[in-house]
Amino acid sequence: MAIKVGIIGAGRIGRLHAENIVRYVHDAEVVAVADIVEEAAHRCAEDLGIPRALADYRPILEDETVDAVLICTSTDTHAEIIQAAAAAGKHIFCEKPLALDLAEIDSALAAVEGAGVILQVGFNRRFDPNFRRLKELLAQGAIGKPWLLKITSYDPAPPPLAYIKVSGGIFLDMTIHDFDMARFLLGEVEEVYAAGSVLVDPEIGNAGDVDTAAVTLRFASGALGVITNCRQATYGYDQRVEVLGEKGALFAENPRPHTAVRVDGDGYHSPPLHHFFVERYREAYIAELEAFVEAVREGKEPPVTGHDGKVPVVMGYAAKRSYEEGRPVKLAEIDPSLGTQSV
Amino acid sequence: MAIKVGIIGAGRIGRLHAENIVRYVHDAEVVAVADIVEEAAHRCAEDLGIPRALADYRPILEDETVDAVLICTSTDTHAEIIQAAAAAGKHIFCEKPLALDLAEIDSALAAVEGAGVILQVGFNRRFDPNFRRLKELLAQGAIGKPWLLKITSYDPAPPPLAYIKVSGGIFLDMTIHDFDMARFLLGEVEEVYAAGSVLVDPEIGNAGDVDTAAVTLRFASGALGVITNCRQATYGYDQRVEVLGEKGALFAENPRPHTAVRVDGDGYHSPPLHHFFVERYREAYIAELEAFVEAVREGKEPPVTGHDGKVPVVMGYAAKRSYEEGRPVKLAEIDPSLGTQSV
Amino acid sequence: MAIKVGIIGAGRIGRLHAENIVRYVHDAEVVAVADIVEEAAHRCAEDLGIPRALADYRPILEDETVDAVLICTSTDTHAEIIQAAAAAGKHIFCEKPLALDLAEIDSALAAVEGAGVILQVGFNRRFDPNFRRLKELLAQGAIGKPWLLKITSYDPAPPPLAYIKVSGGIFLDMTIHDFDMARFLLGEVEEVYAAGSVLVDPEIGNAGDVDTAAVTLRFASGALGVITNCRQATYGYDQRVEVLGEKGALFAENPRPHTAVRVDGDGYHSPPLHHFFVERYREAYIAELEAFVEAVREGKEPPVTGHDGKVPVVMGYAAKRSYEEGRPVKLAEIDPSLGTQSV
Amino acid sequence: MAIKVGIIGAGRIGRLHAENIVRYVHDAEVVAVADIVEEAAHRCAEDLGIPRALADYRPILEDETVDAVLICTSTDTHAEIIQAAAAAGKHIFCEKPLALDLAEIDSALAAVEGAGVILQVGFNRRFDPNFRRLKELLAQGAIGKPWLLKITSYDPAPPPLAYIKVSGGIFLDMTIHDFDMARFLLGEVEEVYAAGSVLVDPEIGNAGDVDTAAVTLRFASGALGVITNCRQATYGYDQRVEVLGEKGALFAENPRPHTAVRVDGDGYHSPPLHHFFVERYREAYIAELEAFVEAVREGKEPPVTGHDGKVPVVMGYAAKRSYEEGRPVKLAEIDPSLGTQSV
C-alpha cells in the first residue's frame, strides 16, 4: 500500500514535491496540503487532485491515516514543525536548512530520535544522476584515495535582496548545498577557510553579505577541498564536481539542455546550461522522494539523516566566522560535538 | 476537458504510450485498452488504472465517448484498424510504418480523408529535443541553404530473426525512421541509392536481409544525404545528425546517460550511450502524444501527417529495390504520384 | 650521413617540403632546388640556405651526389620526371596524384621498378597523428572487424576555377585523399558509387564539375564506406574519420587551434577549425618526409608505394564514371588489373 | 641581422632553449654554450652545431659579439650571473625563479636597471596559445569584469626528493607558475591563503614540504582566485584555467596529444593528457624566445619583466608563511614595497 503523505507549505518547492509524488512516486499518495496562504493550498490541491487543503498544518498531524509529512515552509518554522510532527509520530521529510539556530536543530533532532520517526533532509543534489555516479565510482575505488575536491556552484542570478537578508547569507543558503556535497563525497570536514567578495551587486554588500566566495576545506582524512560560489553566471546554473585521487580523477560535468551545436566562421556554438535548479535537478527531486518513501516503508535509515542536515549548518557558521575574522575556523569551534570525528 | 483515448495494442509500445498519457499528458485520459492477448490488456489496465480492458478493439470504436485511438498493434493490422477507426469518426495516432502495402496505405489515407479525422503517424524522433533544436536552427537560417545531410543510426543489437523476416527488412523497419528524419529536415527526396552488407550475423543474410547499410539520398533541392545504418553497436543506440550548409554546419550529438568521467593513466573514460529507444527518446514519446492531443483538441493538422507516414515507406521500397538491383532508384518509380514534387 | 635531396618545383608545396627538411628532418639535406620559374627557385634557396637554385631540374638528376628528389611540380609533369629520375637512379618522393593518365602511371611505375629506386607518394594524411592513432587501434583489434567507414572531408573554400578545370575534377583532386585514407584504414575497395551536386557555386558546374559529393564504397572485405565532400565549409578544414566495427567504434575528430572557450548567455563558444591543410597537417608533412628519408637510408619499402599512388586515381575515375552514368562502378572496370584483389 | 646568443647552463631546459633557437627562432643564433659540466656543453654544441662550448660562462660575457644570454643554471646561481651579465651589458633571459632570496633579486633587478639591459623571466605558460587566447578574450572584455579565477595545475609525478629539499618547496617551485598566471590574467594580488597536505608521499612531508595544496588569492580588484596543486596526477600534466566574470566565463582546457577516441561497451575512451611540460608547452617555449629576441632587437620592454619575475617569489613566500601559520598573509607583509599597489 502507498504511504499517505501531507505537504506542509505549498510554495514553489512544496508544489514541486507534491507534483513529483503525484506523477512519479508510485508508493506514495498526497492526501492533504497545508499553507498559511490558504489560497495556495487550495490551488495546489485542485491542480493535482489532492483531496484536502488547509491553512493550518496541525490537522494533518492529527490525521491518523497520514504516515509522513513534507516540511516545505520557510526555514524559521522548520524546527517547530519537526517537533510537532515527531510528537504526532509522523515521518518527516524537511527542506534544507533544518534551521539557522543550532540549539533549535539539536532539540528537533532529539525530538525525532525520541519519537523514533524517520527524518530525511532535502539535500537533493545527492540524488543527481551525475554526482551519484561520481560517488559510486569513488566508492568502487576508481581513483583510490581522494586527495583534492573541487566544487563549482554558481547561480544564474542573485535572489531578491529581501531573501538574502533573512537567509543567513551566502554560506548558509547557497554554500550549504556544497558543504553537503563535500561530506557526501569525501566524508567529514574539520576546518573551513572562507574568502568572500562583493562583486555582483553592491546592494548585497549593503545587506551584509558577499556574492562571490572561495571556501577551502580540510577533511578529517587530510584531503583538501575548494568550493567556489557566485550569485551570478550569465550562462545558467553551473554545478560541477571534480575529485583528484591517487589513481586518477573523476569529473561530473554539467548536463546540457540539448546536444545541438551550431557551427559557423566564428566557431562552434553549443547551448547555455539549464537555467536553474528545477530544470537541472528534475530527476534528483524525484529520486530523493522515492528514497524517502522507501525508507519510511521499510523502516530503514534515510539517505540524508538529521545529522547530515545539521553539519552543513555548522559548516555555514564556520565559513561565516572565517570570512568575518579572516582566519580558518574549525568546525569544533562552532559545535564542540563535532570535534572528535574521524572518517 | 481532457480528450478520451483508447489504446489498441498493449505490447511494449502500446504500454509506453499508455503510461505516458496517464502520467504526463494532461489533456488526455486513457479510457480503454484492447489487446488480442486479453491478459496483456488487463495487466496494462490494472497497472495504470485504466477503467476498461478488452480483447477486441471494436467496442472501443463503438464507444461514443472515445475521441481518439492509438494504434499500437502489429504492422499488418494498421491499415484495417485505421479504416475502421476513421469509419467510426475517431481521430487516429498510428505507429509506424502505416503498412507495408502501398495500396493499403492509400486506401487507409483515403478513408481518413473521407472521414475528416486526424491521423498522426508515430515518427517519434521528430520530437527529440536535440533534433528539434537542429530543425529550428535550420528553419531560422542558421546555416543558410542545407547542402549535405548525414544521419548515423545504429541499433545496439539486432532484433530477433523472426522479426526481421516479417518487418520488410532493414530499409522498411530501421532506415524508415531516418527517411522520415531526412524529409523532416531537408524536405522531399527524389532518388535513393542503397548499398548493404551482411556483416553482423550471417543468419540475417539467410533471412534475405542485410544488417549494415549506406544509403545516399538526392533531395529535390539538389542537396545530398547519407544515411548509415547498422544492426549492432556495442556501445548503445547511436543516433546522430549533421547538416552542412552554405553558412556553416549543425550537429545533433548523442545525449549521454550521465556526465561523470573517470580519468586514469589510460585516459578519459565517459559512459556508453543510452541503451535503446525507450531511454533515448523518452521525452520525444511524450512530446509526440502532447502534439497529437493538441491537434485533436484544436482541430489542426498534426505534425506528422498520413502523407508523412506514407513517403518513408515508398523510400524504403526504393532503397530495397536499389540494393537488389545495384542502381539508384527514383521514388517516382515506386509511386508515380511522388514524381513531380518540389520543395 | 644525411641523404642529399633535390627539390623539383618550388611552389607552395615544394617550399613547404623544403622548409620541413631544413628545419626538422635531421637525416636529410636539401642541396638544390629547381623551378621553371627560376626566380621562385632562387627565392626558396635564399630563404632556406639551399646552395643551388636552377630553372631546369635535369642537372639535379645528373648530380651524382644527389640521393633523392622531391617532385612537387604540376601533375601533368609528374610521370615524365619520375621516369627521368628513375633513369638517373634517384629515389623519388612524388606529390599526389601520380598522374591523371593511367597508362602514364603504369609506365612510370614500371620505370621505378626497373631502376630499383624507392618511390613514395605524398598522401600526407596517413601521417596525421590522429588518423595514425586510429589506424593503430584498428590494427590492434580495438573494435574487431571494421564494418562501416565514414570519412568527412570539406575544404574551407573552393579552389580557383582555373584549377578545377585542369585538376581532373573533385573526385581526382579532392576525394583522392579520402580514397587513400579508405584503403589505408580498411584495405582494398571493389566498387564505388558517387553522387554529386553543384551547390556551392554554379560556375563549378559550368566548368563541368560538382562541388558537393557523397561517395559509397564497397570494400573487398564486405565492409561499406561513405565519403562526404564539399568544396566549402565556412568554419575551416573539416577532416574526420569514423569506423564502426564488431566490438565498438573509433573516431578521429578534428584537432582545434586552441582550447579556449568563451561562455555567455548564448552558450559555449569554441574556435573554428584550422583553416586549411598547411595548419592541420603540419606534423603530417614532416612525418611523411621523415618516413621517406628513413626508407631511402634503410633501403626499405616506403609507407606509401607507387601502387598506393595509383589505386586512388583509379578510384577517382570510377567515381567520375559513376557520377556521370548514375550507377555503381567496379574498379576493375577502370583497371582490370585491380579485379581480383582481396584483403 | 640575427642577434647572437650565449646559453649558460646546458641541462634539460638549457638544451631545450638552444634547440628551439637553432630550429625556430629566425632572428637569433646560438654562438656559445657553457656548463660547469663541460661535457654537457660540448655535447649540446656538437648536437646543435653551436660553434663554441665552455665550462666557464664568463668568456661568453666578455665576448663583444654576444648580444644576449640565456641563464638556465641552477636557481642559486641566477642572481650572480644576472649581475655579471648586466655588468657586461648583455641582455638577459633568465629561467624562473629569479632567486629564492628577495634581497638578491632586488640587487639583480637594480643591476639590470642600472645597466639598461633587457631582462625577461622564463614564465613560459604566458605564451601557451590556449592561455594566451583566454587572456586576449579577457582583454577584449568578452566576460566584462573578472570575478573568480580558478587555476588547476597538477604534475604527473613528484620530482626527486633531493630537488624538493632545495627548491624552496611546492609554493616556490610549482605554485610560482600559477602565481604568475594569476597576475598575468587578473593583475596584482594582495593576500594569499594556502592550505597544504601530505597525501602523495610521506617522504615529501619528512622533507618539510606538502604535496597537495589549495591556495586562495585576493586580487587588488576584489576578485578572488583559487589555485589547486598536486605533485601527482596519473593521467598527465593537468593545466587548466577558468575565469568567471560579469558577462560569462572563459575556459582554457587541456590540449590532447591526439583526437582518436575508442568506443566500446564500457563507453568512450580518449587519451590521457600530454605527459609533462616539454610536450604541453612546446609552442610556448618557442614563443617566449621569439618574444625575447623581438624585445632585444627592438629595444622594447619584454613581455615578462624582472618585476614579473620577483612578485611570484614574494607570493610563494606569502603562501609558505600562510601554510605554516594557518592564516591569510598579505604580500606587503613579505615585501612592503608591494603594499600600495593597485590594478
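Letters A, B, C and D mark the chains in the order given here, with residues in each chain numbered from 1 onward.
Criterion: a contact is a pair of C-beta atoms (placed from the backbone, for glycine too) under 8 Å apart; a residue touches a chain by one contact, two chains touch by 3 or more.
Predicted model, so just to flag it, every value in this text is computed and none were measured.
A repeat of the A-B interface exists among C-D, B-D or B-C. It is C-D, with more than half of its contact pairs matching by residue number. Taking A-C and A-D together, the pair of chains sharing more C-beta contacts is A-D. Between subunit A and subunit D the centroid-to-centroid distance comes to 42 Å (mean Cα coordinates, whole Å). Distance between chain centres (mean CA atoms), subunit A to subunit C: 58 Å.
In subunit C, the residues that reach two or more other chains under the touch definition are 234-235, 247-249, 263-265, 271. Residue ranges of subunit D in contact with subunit A, taken from their complex: 145, 147-148, 150, 152, 154, 193, 195-200, 212-214, 216, 218, 222-226, 228, 230, 232-235, 238, 242, 244, 246-249, 326-328. Those residues of subunit B that touch subunit A in the complex are listed here as 23-24, 129-134, 137, 142-143, 247-255, 257-265, 271.
Of all residues in subunit A, only 234-235, 263-272 touch subunit C in the complex they form.
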